[in-house]
Amino acid sequence: MPPILEVKNLRKEFGGLMAVFDVSFDVQPGEIVAIIGPNGAGKTTIFNLLSGVLPPTRGDIRFDGQSLIGLKPHVITGLGLARTFQSVQLFGNMTVMENVMVGCHQQATYGLIDAAFRLPHARREEHHIRERALAQLAHVGLESHAEEPALSLPFGRQRLLEIARALATVPHLLLLDEAGSGLNHSEKAELEQLIRVIRAGGVTVLLVEHDIPFVMSLADHIIVLDYGQKIAEGTPDQVQADERVIAAYLGQEA
Amino acid sequence: MKALWARRNLVNVIAFTVVLAALGAVDIFRPFGLSFSALTGRVVTLDTMIRIGILTIVVVGLNLLMGYAGQVSLGQAGFYALGAYFSGILSTLATRHTILPGITGLWWWPWLMIVVSMILTGGFAYLVGKPILRLKGNYLAMATLGLGVIIHILAGQFPDITGGYDGLTGVPRLSIGSFTLWPMQRYYFLVWGAAIAVIVISLSLVDSRIGRALRAVHTSEVAAEASGVDAEQYKVQALVLSAIFASLAGSLYAHFQGAVSPSPFSFRASVELVVMAAVGGLASTWGAPFGVGLIYVVRDLLKSQLERLLNVRSGEYELIVYGIILVSIMIFMPEGLTASSVQFMQGRRRRHGNIEPQRVQSNGTVEDLGQ
Amino acid sequence: MRQFFRGKIGKIVLATGLVFAAIALCVWLGSRQRLLPQHYVQLTLDGMRGGSIYALMALGFVVVYRVTGVINFAQGEFVMLGAMLCLTIHKLPLPLPPALKLIVAIIAAIVLATLIGAAVERLTIHPARRSPPVTLTIITVGVTITLRAGALLAWGADPYVLPAFSTLALEDHIFRFGSVILQAQTLWIWGTLIVVLVLLYFFLEHTIMGKALRACAVNQRGAQLVGINPGRMSMLSFALAAALGAIGGIVLGPVTRPIYDMGLMLGLKGFVAAIMGGLVSVPGAVVGGLLLGVTENLAAGVTNPTYKSVFAFVILIAILLFRPQGILGGTGQATEEVK
Amino acid sequence: MSIRSKILAIVTLLAIVGLDVTACNSGTSQETGQGVTYKIGFNSSATGASASLGLPEAKTAEMIQKQINDQGGITGPDGVKHDVKIVIYDDESVADNAVSNVTRLIQEDEAVAVVSTTGSGTTIAHIPVCEENETPCISMASAQPITVNADTGETYRWMFKTPQTNGHAGEWQAAYLKATGVSSVCILYTDDGYGKDCLANFKATAEAAGLEIVYEGAYATSDTEFSAQIAQVQASGCQAVEVGSTPPVASLATVAVHTALPEIPITLGHGVCNQAFIDTAGAAANGTVFPCGKITVLDQVADSDPQKTVLQKYIDDYTAFTNGEPISTFGGHAWDAVEMTLNALESLNDGMSLEEQRTAVRDYLENQIQGWPGIGGVFTMSPADHNGLTKESLLFVTVEDGRWVAFPESEW
């Protein structure tokens, strides 16, 4: 099977500082892949490059065989690449339900005029969106909070809501940026379970993670970054045994 | 759930319409010799009420742009001016220079020109919106401010077209066939009909895919785009729509006033529109008529009461007190007067569309403006 | 090619090219108005006079914006207050020699305006400090309305006279170089701008208060952690802005005729200057102010002066669209998206 | 439901305030006369951009109200006494407010006639209100389109105005320049209603007199730099400069012209006939020439002048009423408008309906104001002329050592 995501010689400079330096890796469909590395290793920058928030200085990103370079973030989302954020970015002026409905944005087509005059076709699609959103909420176990303000949820639930919103875009590949940070033990276990369910549903998952034990038990494949460069790649066992990784990351942690 | 909200909107709209229609009917039928202004203790006249209706249309649009999409405009009076001038010019100049003789005198010509004005203003907003909406927060506010000031200055030039500083005169009254929408009592129904239509459109939009996209852009553009929302497109759409509303209001203004001059479209007017939106409560469609109404009522009250209380010519005192009231409202009820009073009356019950307004605003706007 | 213009040298080449193109356009348009070389000199000199006032105003905007994130619309009213207070105190029958009397009036006016600035912050901005900046900005609009109406009440609608500093009379010394005219007050204005800049530099770099203010501007939370009170700094920034505005109004007073509503247009222009300088930079504000004054005056001179103010706002929009970080550069924040 | 409680709250608020207001109104209007109380509507720009003009107008109206009260009202030809109430509003120099105020005065306050307003643009905005409601309106602004419909060229039926016009001023200026041998003129004017009107009128009269206008340059009211305009004036090589502005910008422009071209003759419009101009232009004012309403140069007016006694009385009254505030020509425009209306009201018998009163006042103004000496001049209205003044209503003056001095044709 061809890889769902191919990253080739990706580079990002911030005014002379190399945040990402010629990184290449592939992600196979159906895998759970994790990118790990110490703080400032360029993990989140890679996510921002993949999702189109930042333009790369050079290099190529191919998703399902199509280059993502120069595409706007919402177009990339439309192609089936969804993401969450390290610092949860919910829409605070909306309910839980509406947050997920925003994720369903591209599942509907009706425009300004249809909406303004509540044309039948808009109402039909709206109904459809509502059902989909409710289904996604059920997926992450938030359906009973549907009409509450998004920010009234406890932090762990907010993470889940953000994942539900990302899933609502019907992704093939889901990017989770430090989804586990700030969660307690049981919440992490819940999250791990959810990620497995998502993968079982046919969605490839790429995570950026800080919490090594969490990643080791979850990921099929791990990429290790340090100072913007890829220093190792392989299965959890291979990575754990890698000298450079221990030196750069695990050693430092200890 | 959805049906319930829709029903609540419907009930509100009907209640609002009935109250306004009843008020208007009083002035036409004058039961027991009561006029509209007598009902309000001569504080609000029908003339004021019509102006409130006209500005409500502008503020509803501004609210979509500012309150929902989070894009501050300090030049909304510019779009309002464009509507008034396009309508004024197109409905008088063609007649004056006998372009298209025979047609321009027909009753539907001014109506057609109102639509043409809306298209022209909307098109203008689209052209300037693309580049300008790349800016954020204070910078966007200032670019729109500049735009508004330029339109205001240019409106005073070109006396052959705009009438210069003295303005255009002879803008015709509107009529349907031979039924003239004048005197004021009839125009009142047209203006408030349009205002309610605009409110209904806004309510529908806010609750739709488009409204959610706008609100999402307000809170976090990055997250909105990651959810598949084309932020740029929706910001432009919001601007164009608010400009079209402003243009409609401007046209209604021109036909109400019968004359158009630059003075009502100054920078101060743009600021006042923002104040009205803020007083009514940003991100609240219903806030618009109440925000506009309150500002008018407060000012008229100040005019009549200050003179009585202080026994002085009130001009300056009125402005001083107006400024102080404005500052006080912003300090003590930053989420808008109507929202605050309703909250007060209803305890801490949460309302749809404006959930925890304080948090909404500090979340959305701080990020946008504070960087 | 595009790469080249993005590089440092490319940018310099591009900027130089644009400047030359602008000069060429200016000369071509000027020749159609039959302007002579001395006219350009005159236009530039007078533009720099107006520009110096814009610069002082822009400094006020920058100080407040950096510390509080508020666009202080009342900045123009501080200018008006400076001029009005000064001439009012000057008219008091104090038993002092004329020159000393003017000096006393100037100092008293600056002190009063500074106190008013601080009071404005305490009474309006401080109680609402937790509100978003857009609310605070609207509050300053309310303050503007109140101050202007108060001025109308206090001083009426008539224009006043502030004597020229050199002659202590309405008529100023005039230096003539051929047909080029330079008023002594213009020199006072330039001198004041320089002195204010030196004092401001000293204040910000070498006093504890100034350093605290700068720290607060760079990182409010960090400043709080090291024991700086951001509320006090907010008040200080308004006081400083009011002082800068008042100084501008006082030195401008003799070349204009102070009137209660003089702050309106000056405020907007000062704001355009601040934007030209990037809204956050002190040198930017000065360069922005001078450049705005000169450009506006030259553009008016070679075309139709009716559109002088239009030029200023066209410049505003052009800067915002093409160089939101201001003419001096630095990293832009106007279109920055990523948090 | 939120919206209904909002409506309820606002209606309650209005009702409370409304009761308060009505209660008070009925309390204050003590009717001392036997006939109905006549109401005169008065609207001026006491604040905002035209405040320096509108404020003395409002004060003049207050003064007249006090005088009428002291006299105990007015008496009609049938011997019935009437109280007169002048209802005074401020439009803040904004056209919308002018329309609202005039509408309110006509429809709510039921004024027999309305005096409104200070500015030309603001007056023009409310013309439809006066015409449609068939109520006489007297403006204190001077532009041509106030009394004459620009499209049809016909005089409006219900619109009148009291100031001397820029047309009258233009005739003086053109005649003077012509007489002194000038052939090419530059015009500098404010980019506002007054300046534009000066420009149009000066151009018309100057060109009719055979003068060539070689340069027209505008500036904003708030401008303090004039080097752009001066450079273009110098480049155009004209022999005289006409400045069409009001202070303070008129003073600044005059100083700028005088500094750059000390020898060039400067003419101005009658907008500078106030002490503020001389105070703020200083030495540059010396030698400038302009036509003025006689009120501003009373000491230069001959004792035989039919206006002299009226002028003297107004000045004394106003000075006493305002505790010595400076006299302005604009207050005079208000005086003329209100006094004319009072004269008209004094001609009414009791028992007329409001519509009849309005028509009668209008007819009186149009036909009975003949050789009527006021502040602005000696008025002679006619169906075609709702201003009734001529060039002679202005006195041509020059400034010598900071004082106005009459400058009759014989001395040119």
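We just call them A, B, C and D in the order they show up, numbering each chain from 1.
The definition used in the following text is that contacts are C-beta pairs under 8 Å (C-beta built on N, C-alpha and C of every residue); 3 or more make two chains touch, one makes a residue touch a chain.
All of these numbers come straight from a predicted model, not from anything done at the bench.
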| item | value |
| --- | --- |
| Most central chain, Cα average position | B |
| Selected pair, greater C-beta contact count between B-D and C-D | B-D |
| Most distant chain from chain A by Cα centroid | D |
| Centre distance in Å when chain C and chain D are each reduced to the mean of their C-alpha atoms | 36 |
| Centre distance in Å when chain A and chain C are each reduced to the mean of their C-alpha atoms | 48 |
| Separation of mean Cα positions, chain C and chain B [Å, integer] | 33 |
| Multi-partner residues of chain D (each touching 2 or more other chains) | 47, 51, 55, 191 |
| Junction residues of chain A - those touching two or more other chains | 53 |
| Chain C, residues touching no fewer than two other chains | 149, 152, 306, 309, 337-339 |
| Sites on chain C touched by chain D in the complex | 33-36, 39, 42-43, 45-47, 49-50, 149, 152, 156-161, 169-171, 174, 179, 181, 183, 252, 255-257, 259, 261-262, 264-266, 297, 300-301, 304-306, 308-309 |
| Chain C - residues contacting chain B, complex | 65, 69, 71, 124, 127-128, 130-139, 141-150, 152-153, 268, 271-272, 275, 279, 306-307, 309-310, 313-314, 316-317, 320-321, 324, 333-339 |
| Chain C-facing residues of chain D, complex | 47, 49, 51-52, 55, 191, 217-220, 222-225, 227-232, 234-236, 247-248, 251-252, 259-260, 276, 279-280, 282-284, 326 |
| Chain D partner contacts - residues on chain B that touch it in the complex | 8, 11-12, 15-16, 19, 37, 39-48, 51, 96, 156, 159, 164-167, 169-170, 182-184, 257-259, 261-264, 286, 290, 293-294, 297, 301, 303-305, 308, 313-316, 318-319, 338, 341-342, 345-346, 351 |
| For the chain D and chain B complex, residues of the former touching the latter | 1-7, 9-10, 13-15, 17-22, 24-25, 46-47, 51, 55, 58-59, 62, 88-90, 92-96, 99-100, 103-104, 107-108, 120-122, 124-125, 127-128, 132, 143, 145, 149-151, 191-193, 196-197 |
